[in-house]
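Letters A, B, C and D mark the chains as written, and numbering starts fresh at 1 in each.
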């Protein structure tokens, strides 16, 4: 087998091209911050980012100048509020935003997964989103003549995700809350995955029900402990709630968000360097607790 | 059901919270919504006030309801406030970790009895807005968007909105129709909206003040809001939550 | 919570009605033989059975007079050959057979799972099956104008399955090869499940990624060790290969298949009685081996 | 690659099988198909001879190919013959237990390089029959049906059929078109058929004898079958499998 193990630097350089459509894995959980840091560091640009609900990792990619377009059903800081960075980028014309709904984005990725041109659904027939969303057309059901909306397939060029573990061949094991992650990966042409641990294939064989991605599409496996920080990873570490809570105020003015990019991304050669710059016992404090 | 106990012995060592007006206000809105839920129903739960509704339902009124979150978490025990639909605190109590497709499919199949939502605005047609607000000066304020709200509104068998008292949220026409009250097939759509003083139903397609807490006055509530609503001939007077229930709400909101 | 635990006798009596469309779970694995035995014993009739690939459990239900209609992509004894019983029932007119393909049946169940009226696919546009399958109509893609076949949703009245374990509330945990089982269950109105073990909900919480069925649709949980015999159950027991190998010749003539029903079903009050009638050490010999 | 070793030391204690003509015949057909597979390709594998193709590919020619079965088993090591696509012997070697929907979706997305199929009949158009046969007396003999064969034929980027020598299986028109050679989009369809003597390609849309084992005669093979086929101008002579390869085929077929 080809050894797919490489660094985030190598993977982002080799497999993410400017103008690509990129699916961002993780949903409130297992968010691939390490890979996103590297995308910013390598100054990727003109990307079309696609997702159901967009967490603050999108702030990082938009502030970093990576994205020219965003398609999603929601964007902001979950439970906290709006995204200052995205609102500002849209207002200034730097970022084209197509607002949709989480389920429509999910259906479009799912059509991409199934390899069909569209999936019919009753959603987005009415309301003010109906006129502005992408990739929807009205059709008639050939059986009942009732009207539905055809939600067209979305097949991103590449998906980035973080998971618990993988073997070197890309048999990626992920558990906990998955949201839209699996569908988005299956819909994508290729998958870049960072993991906490790289394990032997024999260990994969002990729990093949945890393997969630088709190995033949996984092009890069990156060993990156805490690669989902500041989000959480089931059975590995808790979310840095303070980081999320302060993020919205930390990004209220451009000056502050520039500082954020500088100290968290540009001051470092890699994600480990960033992790090392965090306050001494922070990562220890985030140790997973069962309850 | 015990909403009157003054004791906090049952709080399992969690610190007794300071009961603020904000906690009481949220508890009242949530309790009004929770009263609309029947035991064993399947609930699709949004973030914010809907989580408190779910918590109070599960703890006091409908212990066997099935809580489902858009992240794919199912059979959840909503014991502390989650910040997102995938937060670890609810993931750890979920008996099934499914996917987002799984749970939205349930909605679309018609298996979700009640969708619990909040919104920035609700109007007299039952439309919900979570996309953008237009200020008096004509400026547009962007909000995070639909998320699953549009989908839940169209696909749940019935939707109950739960909102703070803020009169700016109750309008004749929302600034933007994120979630149209246009239910799929023979579903009920937005059945009502709970707020800290009262519950309005949309049984006739327009808001009717249907239930009110005993410490509030129907006319003044109805007039305080910025929308054309009526008072039901069969207005129901409801005892407001107190004691244990308020305390549990306080613990829930604090330990998030 | 309502305790959903009951016997197969109670579950079949209460939840399977004559003329129902029944999805049969299990795919070469975890085949719900115990429940099927009970359906035969209770002389259920006029059922429409739906499935992708139909294993010999269908022989049992057809020979037992339970089915008047069968929709599937394949029927027979896997790796061995044709189904004598089904061929004969179709030839005699007792059984209406709609032959399709495994993927079309899968798509129809999946449309049922999604709650959409149909899913478009390029399959069954050509060939001799195209003219005779059920639930397919030609449509145009509203985006490309290309032609596809709309595979209409199938929503069975009830699904029967066997799984490793469940709690008393119907949080069913199933692993190993699943085939079409999950989709078929999600598409169905209700699910009857037999399991090897009924466990505490606390055990479910330790591995919620193994829970595969929405508990609110599981109406009956039946404790039935070896409930998938003679098929296998991952991590529990191997398949009785001899049984399968001999089945095809054992059912070549009606006399023999009547005898088969008599000795395996009608001579017993329940499945445990049948299991007890098997040669002494047989079930021990089927103990699961890791390799 | 070593097809010449006479030793069975490597058989890990498995009993050395008696090499019958049937084993040799199957090994020859499977080896002819396996030669068409490139390393690292994704293979969607049917039951029967296709499994032996997968086994010989993995063991000798294309050790890194990805084996996928319709049950949802992926990344399989096909070491012993499975009776069904969900058999425990392959489930135990699979690195991923997905679902039937997952793997057929891969096919439909165009990610399966080669579909490996057998059939009761193949005709000069590349159509396959696994539904029913009409006997000379006009009687219909029912077969188990398509299973995934129709779907694989339409959706795999390329299909290789693998068949026994039986001339009744090679016909000008199949009795029933289960799996039409009508590939979706720009896929290749049925590229060829391997049998114990030879390999016919469908490069021109009709069968052309493209490869033949060195111990066989092209004219006699071509004439022995019941269909209109031609012999390629660039006919390739292939050494038949022997030694280790035949032995491994024997072990594979025996230990099922």
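Assume contacts are C-beta pairs under 8 Å (C-beta built on N, C-alpha and C of every residue); 3 or more make two chains touch, one makes a residue touch a chain.
No experiment lies behind these values; they were computed from the predicted model shown.
Asker: In this assembly, which chains make contact with subunit A and also with subunit B?
Answerer: Joint contacts, listed by label: C.
Asker: For subunit B and subunit D, let me know how many angstrom lie between their CA-based centres, rounded off.
Answerer: 59
Asker: Rounded to a whole Å, what is the gap between the Cα centroids of subunit B and subunit C?
Answerer: 40
Asker: Just the number, please: Cα centre separation of subunit A and subunit C in whole Å.
Answerer: Each chain's C-alpha centroid was found; their separation is 37 Å.
Asker: Among the residues of subunit B, pick out those that touch two or more other chains and give their numbers.
Answerer: Residue numbers touching two or more other chains: 92, 94, 97, 101, 107-108, 155.
Asker: If a residue has to touch 2 or more other chains to count, which residues of subunit C qualify?
Answerer: Counting only residues that touch two or more other chains, subunit C contributes 114, 116, 121, 175-176, 209.
Asker: Drawing the touching chains as a network, do you get a line, a ring, a star, a complete graph or other?
Answerer: Per interface graph, the chains form some other shape.
Asker: Spell out all pairs of chains that touch, sorted by label.
Answerer: The complete list of chain pairs in contact reads A-B, A-C, A-D, B-C, C-D.
Asker: Could you please specify the touching residues of subunit D with respect to subunit A in the complex?
Answerer: 40, 42, 64, 66, 74-75, 92-98, 101-102, 105-111, 155
Asker: Using the touch rule from the top, collect the residues of subunit C that touch subunit B in their complex.
Answerer: Residues 1-2, 112-116, 155, 167, 169, 171, 186, 201, 204-205, 208-209, 211-212, 214-217.
Asker: Given the complex with subunit B, which residues does subunit A contribute to the contact?
Answerer: Residues in contact with subunit B: 27-29, 52-53, 55, 72-76, 78-83, 87, 90, 99-104, 106, 110, 121-129, 175-183, 232, 234, 238-239, 241, 244, 290-291.
Asker: Please give the residue numbers of subunit B that touch subunit A in the complex, ascending.
Answerer: Checking each residue of subunit B against subunit A gives 47-48, 70-73, 82-88, 91-92, 94, 97, 99-101, 104, 107-108, 127, 131, 142-151, 154-155, 176-180, 182, 184-185.
Asker: Spell out the residues on subunit A that touch subunit C in their complex, using ranges where they run on.
Answerer: 114, 116-121, 137-139, 141-144, 146, 148, 150, 152, 175-176, 209-210
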